[in-house]
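Read through the structures below before going on.
Both complexes below contain chain A, partnered by chain B and then by chain C.
And then the complex of A and B:
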């Protein structure tokens, strides 16, 4: 686990996209303020029939699946021992960290009485029958784990930093105030560097246990995200209501995780004008069809067993959404079975996008579209509700953009060429 | 290298699947559900109800302070003279509705919490804000524990728990059989106390069931031959008699098995004694550390190989024989 595999992306932080994203973020967070002053009803279309809207469905259920890139890559690298994918892990973990952190934030916006959340830490209040309890604790723990996993990037930077910007700022500040800058500030800054240097090798030693925890926890809570709807036996449409919900959600998050890792890599290569990581990406893409085939088989097998195949093909409202999510996942996977298409960035992008869309639609189907509380209830998100979600997503992209420019996150460019020569060397041996 | 790791991977998926299938098997096998007939409940007889709504106003009068209920104004009512709730809501725990099929066929119906024997809301609440009293059977809500996640609303097959959407400090609203108000003072719920025609009977579940059966027997032509709530979702403490099919009155057709039993079985099978997660963590640690050690060995190997070839760049990747 060498830290030299990663590098900062040297570029300006204040770009036009930065300004756009910042604007969206500010709008979203202003509406969050409205929600806390005038109540949930002021910004959302949620109702007693549809108590969970777009925030839980998109920000939490879909958002954490999309944030499973770090989880999927960690399985690939540490469990299936594909160390040459290691340079891709940090950007995957960074997006996971944002995904999970902001899912947690969305939950705090969504719940009515967030000040009572401390009850999750009081054993007498624990309610182990509740899938929600498991999801909540697991997601909190996993967000902490992601922070720890990302810490090496921060420590490396702290260790090497000259504090140039800060020094400059302090100098200007003190001269403006007409005072001399006290010496002890420099000492303090050196102390931070020393602590970072002391902590890094120690963290490296135990990091593997944290990483494995980072694989165990998503396995638990991603399946529990499916278990959440097991109670809604009378409300969730039979096309999706099955005892296999936890298993389906687990596999679903894995193939979304690998697909999103591909998409992220292609998009950031494109946006930051770096060479595409075609070799790694086609390798990852080879795994996805296996997962989707298992998933699709479980879906079909389960529908057959419960006698719902006819309903699935009836082409009514529910059937159409079912066929759409099924078709997107199946179509994307079909493309990936072709070895030649896996070598093409264009086809990789298309198939990964199809699978992410299909996988996400599956979660929408379970949480919203297939959910029917009874006659007279309708739900479509309000504009303000959507803008809060948009603001949160904008903040996520914004944070990613800024952090890759100040911390070593992206794969170092020359290691890629080195990798190819190394492959040649090994083959010769 | 490739084969063992894939097997490992499939094993993980397999274990989860097996656990689920096992969960499913046991869930259908154990239908023995303990119904406690000494718990408190109410019997609502729709054929006796005259729709005077005295129960509604009594409920709000008695519980408004404790339950944070307020009066719901109608649009036409500028002076605020009447309480006019359209449905159960964050301000209304009980409600009378009129179902009219034709001029001759109609029925009133009263909605409020069913006080299930195996309540879904209690099963899903992550912080024990929803509780069921083992002695009285009352399903109660504690706003000081509630985080407002509204999972109880998702879970309830009767759509009973209501949320205060328009308040900055909201809470869940539902009937608690006047547990903290009328029941303490007078030993009876406010709605049953004020009902002028005896349409609401308050008592122990066994007494209510006996009375319901007696009425069905004495007047077979008057009623649908079914006590709604006797078996539904594992039994409820709030029971209904009616002359019309219950689903027409807005009471859903439900299976006898409690949904919470099935979901809890699956959750318990996966997390029994926390063994599976710990085992998963242990196995993964073992594999990861073995991989790491192997990787280090390979790295040295590559280093040696490289020196032989004369490449001077330091290796930064572990290899596997893919």
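And then the complex of A and C:
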């Protein structure tokens, strides 16, 4: 694979959206500080009945599914060998990296006694039969793998950088202090460049193993996210409680992953005013309906087998949420069966949005809405609790925005435009 | 003794089965089965056993013979050399007494003495005589050369029903007379034959006696209360008790505690191994345990008397269940914020969808780039 497929997006970093996102991030992280000083009760509505609130449901269960863009794209590119999708991988991996890193961070915010968490790194304390342990291990390992997968982008930049901003800053600093800038700083900077240049080809050689890990780990823990709820046989509503939870979660994360890759591409193309990657997107969109059809068939088959179809259609509280999540996924996939709609950016956006919403709602249903710990228990996220989640999401978008502007992440436009014209010439001929 | 005629030969399968049962009962690992079998099968190593009956009903011997594995009684006689047993031996009179004396002389210091029944002590023990000698004399003489004494049944262990007041014959258990020999009590009325068999085989296999509790009972059999493994325990915990014999609650199989069951105070393994090939035992067929392995319970308390239970006490009420509202539900501010945000997001999505181009785009044909 070549690093020339990517380019950084040259634009101002300080935009209005940057300021808004930064504000939300600061509020969110200030509330995280409140949580660590005054405890969980100060910011959350979680209780003994609902020990898992919006943080686990959104930041971990939904967040990692949304962050499965990298996973889904890696399967497509490296397993199914569709290398022409390769230009899309870096932005997918970047979002995955943020998604997973912050999911791990959310867990640390969520656990009641974070000071015990060092035990996780002591193998003799491991409970290897625990699904939760597996999720924790995989999330941590996968975040590392994603960092490694993303490292080439950083190394390429380091290798080619002239350190202009830094040089300027240093010069200004030293002239302020009335001193001459020592030579050795320049040497040090050159050394960093040399190391990056030395490391990059070596990393490229082993990267495929890292990528294999990057495909294995999510397969393991995304199904485990479903297994986690298997323990709650009496608490999870029968509409969702099934032995197929691990399988459903695995397929669910794949179609969410592809859909989110489409959404990300469309939104970033739209926001950064770049041409849409219609060809790649409609190709990916062709895969989604197959996944959703398997998923929907498992759901229906399982409900029939367990005799819960009547409950699904009873239109009570739970049934409505079930029908909504089912309908959103089914509706979005139905649109994607049409070849013409797959070519249309608008319909791609609508259907991908519907599927992501439906898939995310499914996870909400399993973790929160269909979960009833017993008579009298209530849960609804507190405002502060919600703002922490918002802050984390804002930080994710903020990071994405900034990093695509300083590192080569987005597909290279130059080659595309060239090819477009070449293609046009061929057509004319 | 002519035991071949009395008892047909034992098949190897039955023999091994019994050895496995006994090893399991003793809590030995599977690997020990072969050792038990070897020890039990070695004819030279068969310990001589002398079995004396005193003030008793022969119920213990009957229990042993009627143990439902038909091979068990055979095995006892094949594994041990039962040289003298008043109710089982073919010989009688002087012939029988000679056999007793011969064995005592030949196996001096090595034989196991089994005592069934209590020993009367009043008036020099004249209330029980065999072959012209009082039980007291016979016991003392037989005990002199014994390696160990097994008191089978509650009478031999603690005196049993004979010793209940006013105790006209001054009946006592073996342990009240013999002080200088190891005594193993296998109490019960009757005791489970496997407890006896396991004790003997433990001695044969390891050449030592099993661990005993304060009352001289082997811990492997008398280490736990009936109540701990009772099949009706769930009813006890749930507070469901049989109120009277023949009552609906009794027919339903509820806990027999209120009918006087002594299970909560009785150390024995009846609830686990049961009688008659493991199919039946008193509590299982609807009769309360009478505490026959406990010196202070059998014949000392009425069958209908309830024992004091110190722990655990049965529930007199259920734990309170808090059905009030717990946890915080939605508040107007949060729902408002969520509503606004969701509305804005959906609105923005719709607006964006509207602005996005419909229809196929002239995009890059990357299929050919790689």
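FYI, the second predicted complex is superposed on the first by the 416 of 429 C-alpha atoms of A that agree within 3 Å, B and C clash if a C-alpha of one lies under 4 Å from a C-alpha of the other, contacts with A are read in each partner's own complex, and residues count from 1 in each chain.
Here is the rule we use: a contact is a pair of C-beta atoms (placed from the backbone, for glycine too) under 8 Å apart; a residue touches a chain by one contact, two chains touch by 3 or more.
These numbers were taken from a predicted model, which means no experiment stands behind them.
Placing chain B and chain C on a common chain A by superposition gives a clash between them.
When the two complexes are overlaid on their common chain A, residue A:346 makes contact with chain C while staying clear of chain B. In the superposition on chain A, no contact is made by A:67 with either chain B or chain C.
In the superposition on chain A, A:256 makes contact with neither chain B nor chain C.
In the superposition on chain A, contact is made by A:83 with both chain B and chain C. By the document's definition of touching, both partners, chain B and chain C, reach A:47. By the touch criterion defined above, A:243 lies against chain B but remains apart from chain C after alignment on the C-alpha atoms of chain A. When chain B and chain C are set side by side, the one touching more residues of chain A is B.
In the superposition on chain A, no contact is made by A:407 with either chain B or chain C.
In the superposition on chain A, chain A positions 47-49, 83-84, 86, 415, 419 are in contact with chain B in one complex as well as with chain C in the other. Against chain B, in their complex, chain A makes its touches with residues 2, 4-5, 36-42, 44, 46-49, 51-52, 75, 78-84, 86, 107, 110-114, 116-117, 119-120, 124-134, 136, 208-209, 211-213, 215-216, 219-220, 223-224, 227-235, 243-244, 246-247, 250-251, 283, 294, 298, 373-374, 415, 418-419, 421-422, 425-426, 428-429. Chain B contributes residues 1, 5-6, 8-9, 12-13, 16-17, 20, 23-24, 27, 88-89, 120, 123-129, 143-151, 153-155, 157, 159, 161-171, 252, 254-255, 259-260, 262-264, 266-268, 270-271, 277, 280-281, 284-285, 287-289, 291-292, 294-295, 302, 305-306, 308-309, 311, 313, 315-320, 322 to its touches with chain A in the complex. Interface of chain C with chain A (complex): residues 321-331, 333-335, 337-338, 349, 352-370.
Every residue of chain A that touches chain C in the complex is listed here, in rising order: 45, 47-50, 83-87, 266-267, 270, 275-280, 340, 343-347, 349-350, 353, 375-383, 386, 415-416, 419-420, 423.
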